[in-house]
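Both of the next two complexes hold subunit A, though its partner changes from subunit B to subunit C.
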Partner chain A sequence: MADEDETKEYRWESGYEKTWEAIKEDDDGLLESNVADLVARAKRKRAALKATGAIQLGMMRHLFVVVDASACMFLQDLKPTRFLCVLKLLEVFVHEFFDLNPISQLGILTTKMKRSEQITVLAGNQKKHIEALQHLKDLSCEGEPSLQNSLERAMNGLKNMPAHSSREILVLFGSLTTCDPGDIQKTIKSLKDNNIRVSIIGLAAEVRICREIAKKTGGTYNVLIDDHHLKELILSQVQPPAVAGSIEASLVKMGFPGGTPTLNDGTSDSSADHAPAYCLCHIDSETSSLMGPNGYNCPQCGSRYCELPVECKQCGLTLVSAPHLARSYHHLFPIKPFVERAQVPDATHCFACAKLFVEAETNVYECENCNQIVCLDCDLFIRETLHTCPGCASDPVTAQMKTN
Partner chain B sequence: MKLNVDGLLVYFPYDYIYPEQFSYMLELKRALDAKGHCLLEMPSGTGKTTTLLSLIVAYMKAHPLDLTKLVYCSRTVPEIEKVMEELRKLMNYYEKEMGMEQNILGLALSSRKNLCIHPSVSKEREGKVVDGRCYSLTASFVRARHAADDAVPICDFYEGFDAHGKEFPLPPGVYNLDDLKEYGQMKRWCPYFLARHTIIHANIVVYSYHYLLDPKIAEVVSKEISKTSVVVFDEAHNIDNVCIDSMSVKITKRLLDKCSNSITILETTISNMKENDSKRLEKEYKRLVEGLRDATIARETDMALVNPVLPSEVLEEAVPGTIRTAEHFIAFLKRVVEYIKTRLRVQQVVQESPAGFLRDIHTKVCIDRKPLRFTAERLASLIRTLEISDLTDFSPLVTVSHFATLVSTYTKGFTIIIEPFEDRAPTVSNPILYFSCLDSSIAIKPVFNRFQTVVITSGTLSPLDMYPKILDFHPVIMTSFTMTLARPCILPMIVSKGNDQVAMSSRYETREDTAVIRNYGNLLVEVAAAVPDGIVCFFTSYLYLETIVSSWYDQGIIDQLQRHKLLFIETQDAAETSLALINYIKACDNGRGAVLLSVARGKVSEGIDFDHHLGRAVLMFGIPYVYTQSRILRARLEYLRDQFQIRENDFLTFDAMRHAAQCLGRCMRGKTDYGIMVLADKRFSRADKRSKLPKWIQEHLKDTNCNLSTEECVQICKRWLRQMAQPFSREDQLGISLLTLEQLQSEEMQKKIQQRAQGV
Partner chain C sequence: MEDKEERIETSLVAIVIDATPAKKFASQPLDGSSMMNRIFDSMIAFGNAHLMQASHNKLAIVACNSKSTKFLYPSMDGTSRSYHNRPGQYDMFAKVDSDVRHGLGELILNDLTNNDSTKSDSLLGGAMARALCYIHRVQRELSLSHQLKPRILVVSGSCDSALQYMTFMNVFFTAQKENVVIDCCMMDTDSGLLQQGCDITGGQYLHIPSIAGLLEYLLWVFLPSPSCRSKIVLPPPAKVDYRAACFCHHKLVDIGWVCSVCLSIFCKFSIMCTTCNTEFKLNRPAIVPAKSKKRARIE
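And now, the complex of A and B:
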């Protein structure tokens, strides 16, 4: 958040923060080991959550994000305000979401004045969403939110999505109350019947109905502690969730638009593929211009798109490129969580980053497959970013095993 | 799991145990060993009931001669049912572990209204009507008449029980009210009489306080319970008031008018009987001459619980000649009633001792103390002889006869107050005679004297040393347990000033001050904006609640409040209140959130739990002192000062703080629960008030949270609520506030438990 410094309020405007209360002395009256312990524990906890093992994941996700825009979103306990902070984080989320789930779609709703408004429809184009989020910043927050109205609206959008996709709603809920027109229990029931998973992130305190909705629909409910925690919570929604169970494996038809857009040497098999054409993504906008030869053509109907992945507007085919699929691939085979070990005497340094183990580091982590020892930071890096164990990958025997 | 409690093998029906439960068992065992009484305070939601049951059942099994019976007294029917469920769980566990049927019989007893299975009588709604109709179907003379004439209706279920039920005892097991009814239906026996009959040989009896403390009922139901029993009073923080209520009598003008009617009915019945069946009256006369000798024998052999209404003099002597014949007795009753009527014709308040009353009644209408003392017994005998089946008509007369007996029996510990009008409506004449018991030890004394162990327990008994004083007994064990918690799940705070620094207090001098009322309002609005779901507020009285709400309305605070949550108010009307409660729960369940304004000492503060989201915060506006202008209270304070050396102020503070603690405890019903407790009065932070809160609340009341302003309070709430909302699982509790058997047996934990036991 670059502009955070400009809008930051004065110290005396913020709340009473008793930072000293979080810190406790250990038996020797020292603070350091305790703090290190706390940090390590939190990190591990997060990592452990993600190590779900080999279960079927809903990789093709349809997600509605509902943003609370009621009066309480103007509170300043998140800087600069709750609303701006949430929007900022959502931008990051949208970006990460499409990065990790390239074949998924996303839509945005807001709720205020007991009503719900659609900001963007379900679509796979991240630019549009980010643009819409930036426009939202000028929105004034007022009135009470309505959980039921926004859930109903999201449900209407999700109901008709194909059965093999994972249908989800993510609610960012700042208010402690919801003003609903009818019985919310009925809404919960139909959400459940439609196999829609609702996850809620509360910005203030635990609200019972939110917990109930999340529990009944199989989603998660979390309440933030501060803005760092909020970021963590929002980003944890990026990972595709395990499938609710009832969804059967099915074949999905996908199109792989041929040709590379940068090539202009005419080596492509058909010259029609690179003839200048209007792209369908921008055809609605006023400023649309004739595209050059660059772009992706739908293999089924030949429509032109300037970006992938996208769902063909003409014939409804999902258009992706091979790297997109490959990026989703690691979700299917997450690496096994490393085992926590107390300091092993014969291992002096981390296998991955070659850092020397020092006294302060109490625990190291071992891959069960190749028995290499890594440090905590590498453990997290491998799990969150790399998705492959450097030990296994560099050992020809295990690497062979894996490909088999 | 199986525990070793100081050498006693205890079967505990759960896999995990709280450390305080184990300490509780240790203390309870000590009391049982010493055969003495004990006073134990343990926070609500820490499994008191199951702890008590499992230890006492284990003790009964290990020492079958020393301890034969458990009498568990609870307050309401739902609570009784809860106890039965715990007992059933325990017995199932025993069966599973030992692999055989257990020879233990436990049953619940309630009124006829809850147990009747007669097709038409059970449809009645009112308890008194059910009792009356049952009596008219089961009284011995009705049945005798039925034998002669088939047209006289009787109850088939009672007949079935009378014919067979007495020979065949109930098979061992656990019977709650529904089980009894089912069993009764199956055998076609009356469940109520079956239960009453079974009490004598049952091992565990669960019933309401009144069956033991109210002398009129205890006489009928509990007198044959053996001496080697342990009596448990659960939720006993109000036990002194129950004792006092059971011995007090309130007589109004309407009641006396009804009495006159009943006397006329009696008169006509007597004259009828004289013509038809004079023998019966003669027989009664003879019996009265012989005196109540049977009762004397029973008491000498220590068979029965001493009835405080039936003084021992009455048993030793014959009924005095002046009231022996029926006509004379009727004339006597008439005189008594007329005399009380004249006494009610007063213009100002009269307060008088029983001795003064007796002297006056002697000079005015020539009634001696002695016949007065026999009134209750004599009336009961007359009603029996006259075979009057509809008892409901006579309850006013019975009340007056109890009054006559009590006033002539006790010269100490009682007072008579006659008020010509109510304080609120001084123009409306509504004379009432209060015969008020001042000494709570009178009603409970027989219980303490008779049973070897009496356990008084509750979530809020602090300060503990007050109870032995006002109940006049010597406990061998007196302990307060705290709650071990894995996270700080209660947040008590004392808010003493508003954002404008004006002190908040419900003191008499400042309670009308608009600044104070506004500050209270702002506190509520800000808390409502920060706390999710349900908030319960307690005020000191209905009057105060009304004035505050009306000025909040003028100040626009109600509007602000309704922006965040819906608002519900407790009223004195029970139906209205329960409707408000239902909707309050609905609003909390639906996520709209709600605020309930209620009154300390009201129905809500005593019986209703606001667990989890129903009570995320409790606000106590002011210190709930009892209405100190009441004459009955003043008389009681005076008596306490003279007899027990308890200073007025001490007792008032004690009483106020136990009610405050009771209100605060509403929001905390278990270890996974969490709740904010806001004490909004400057005076709470004084040491004399603070130190009287239960230990488990005091422990979390930090010095830094004792003198907060509204704003500071809301800040703390917000941060704390976020912490509490973080995922909390059983693993987090294990080893700290929840123990497995291995953890319990570990040396370290044993040491801690020892320390805890010694620390108190």
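And now, the complex of A and C:
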């Protein structure tokens, strides 16, 4: 695999790499267990790299995605064409992005024929973006891309965003050239002044100016190797990035609708709250529907919405529900990596999944807080998906959450 | 005409039962035996009924109290205990019965040492996390011709524990990702957190009016799998309270202030966040001497 460090040795300069020697057959002549072992090791290494401690992450993200729609995107080195492959992966990206960053906003731009066009405005509603991406499939790719125009347009959109949010641009660039109206160094300077971080994914080869933009603004630049690598690169942008430089922290006012007023609360329960009403999110479109009492009312102005999260059109209050915020909490309370050790004779079963430890499993993993032993698969599951150690949650002392 | 291979649907139910013995209702006598016995008898009968539906069906039972959590079935003991089955009884039913009773005995004996178990909360979050890990393992081990349809049934009588909020939410989001449906059968009290969980994963939440009829509710409402629940008339879903609780008083708020760094929720505007200790920029206009004072403090 080619690496992109500064001090690299070209492939033809190094000696022969006998990669087949890494794979050995086990006693029965089967390769399966060996391959599974290598895969598990690679997974663990990757997961361990991600396990970082108390770094400030940008949770409220405003991200613009710039898709290159120039003539070179019709090349078929990614099946069926580069453009369609990128659009398909972007749909997955949008879904995962809103899954992991529920209070963030996304916007989509394209660049072709030396101009850039806005496909969707910055919004937090994932359905609109996915629909727009599906309509984009019919777009014809022609002309040359313009990096400066698309960055300027994205910057105009991000300049007015509040200071506490993390401003980002993701460019999917497939061309080796760009046609700019002015000096791109000025654009880079104003991007830096506005605290905007630009990450670029190259689909063809490495382009010097892209490397410079990414470096100066604090983003990343990667060139893909094949379509699986592209998926990995795009999905790596889903994780909230560490905060670059200084972001001003502020207290954001948010509304939490959807409460059932109980008798103990002071909130008023007028019949207007439950009467059928049109939802404000669809009132401009033809498909607006009359909703029953199962919508969400803005606590400040009383307007009705059919889904969350949304920004109230009438009073400007951001409406979210508690699970949306809770989705990001696991970044703030990460679990410490488990310690690898040789099999212990007392622990016959994995604590998490009750699997019997067989002789072939040489390593088991132990949590430092609760000292419970789990197997490799549970370790990966806990680290990547569950984000809670079952041992710590089953111990009355460590199960209490630290809130202050 | 499409020739799709029919994959065998294997339904896995993981029952998470809250075995806190000090609850008021659990020690009331009913029909000669205590309520706790009745609850466990109903649960074993439900488990066996599920196993009876199809030969591929799988079952797991996890119990918890305020001290620990334990896998009752499949049992984690190395020793294979001999169990007596009545002639003509399916072997697996007798195994479930014997494992559950033995495991439950051990769990309760562990708790007898300390008397203040009434004060601390039941460790439901930990039990659900272990059930999820077990489901994940079964999914990995199952061959490709089987398709697993997992669900978790929580049978509990304890109220919400605000301190286990993070564990519960992580479990709910993981269940949503892994397509695991969480159902909940509440005896005695309501639980807002479990209501949210059932709503997030698309499961059924039911608060039982009478505990004596537990088995009837389990068999009628929770035994059908989620795919055929649309054809059955089930109790309507309750309106879930999605408001958040503020970190300072643990009171539910309608409009709150959220710290942009750590996302903790406060009910009142304040200068510093207590969770992450960041100072906030004040957006309000102030008189000039006070402004310079604030500037000096922030720097």
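The definition used in the following text is that the second predicted complex is superposed on the first by the 282 of 404 C-alpha atoms of A that agree within 3 Å, B and C clash if a C-alpha of one lies under 4 Å from a C-alpha of the other, contacts with A are read in each partner's own complex, and residues count from 1 in each chain.
Keep in mind that, in the parts below, a contact is a pair of C-beta atoms (placed from the backbone, for glycine too) under 8 Å apart; a residue touches a chain by one contact, two chains touch by 3 or more.
The structure displayed is predicted, hence computed values, not measured ones.
Engineer: Looking at the overlay, does A:T388 come into contact with subunit B only (first), subunit C only (second), both, or neither?
Structural biologist: second
Engineer: After lining up the shared chain so the two structures overlap, which partner does A:E366 touch, if you call subunit B first and subunit C second: first, second, both or neither?
Structural biologist: Touch partners of A:E366: none, neither subunit B nor subunit C.
Engineer: What's your read, subunit B or subunit C touching more residues of subunit A?
Structural biologist: Residues of subunit A touched, subunit B against subunit C: more for C.
Engineer: A:E311 in the overlay: touching subunit B, subunit C, both, or neither? Say first, second, both or neither.
Structural biologist: Touch partners of A:E311: none, neither subunit B nor subunit C.
Engineer: Going by the contact rule set out at the top, does A:T178 touch subunit B (first), subunit C (second), both, or neither?
Structural biologist: First partner only.
Engineer: State whether A:T348 touches subunit B only (first), subunit C only (second), both chains, or neither.
Structural biologist: Second partner only.
Engineer: Based on the superposed arrangement, let me know which partner A:D68 touches: subunit B (first), subunit C (second), both, or neither?
Structural biologist: In the superposed model, A:D68 contacts neither subunit B nor subunit C.
Engineer: Which parts of subunit A are in contact with subunit B and also with subunit C?
Structural biologist: The overlap between the subunit B and subunit C interfaces on subunit A is empty, containing no residue.
Engineer: Quick check: in the complex, which residue numbers of subunit C touch subunit A?
Structural biologist: Interface residues on the subunit C side: 64, 66-69, 71, 74, 76, 78, 120, 123, 125-127, 129-130, 132-134, 136-137, 140, 163-167, 169-174, 177-178, 196, 200, 239-245, 247, 252-266, 269-270, 273-275, 278-281, 283.
Engineer: Within the complex, which stretch of subunit A touches subunit B?
Structural biologist: Residues in contact with subunit B: 15-16, 72, 77, 144, 147, 176-180, 183-184, 202, 204-210, 222-225.
Engineer: Applying the document's contact rule, which stretches of subunit B touch subunit A when the two form their complex?
Structural biologist: My answer: residues 529-533, 563-565, 588-593, 612-613, 616, 712, 715-716, 718-719, 721-727.
Engineer: Please output the residues of subunit A touching subunit C within their complex, sorted ascending.
Structural biologist: That would be residues 56, 59-60, 163-165, 247-260, 265, 267, 294, 299-300, 317, 321-323, 325-330, 332-333, 348-349, 351-355, 374, 377-378, 381-382, 385-388, 390-396, 399-401, 403-404 of subunit A.
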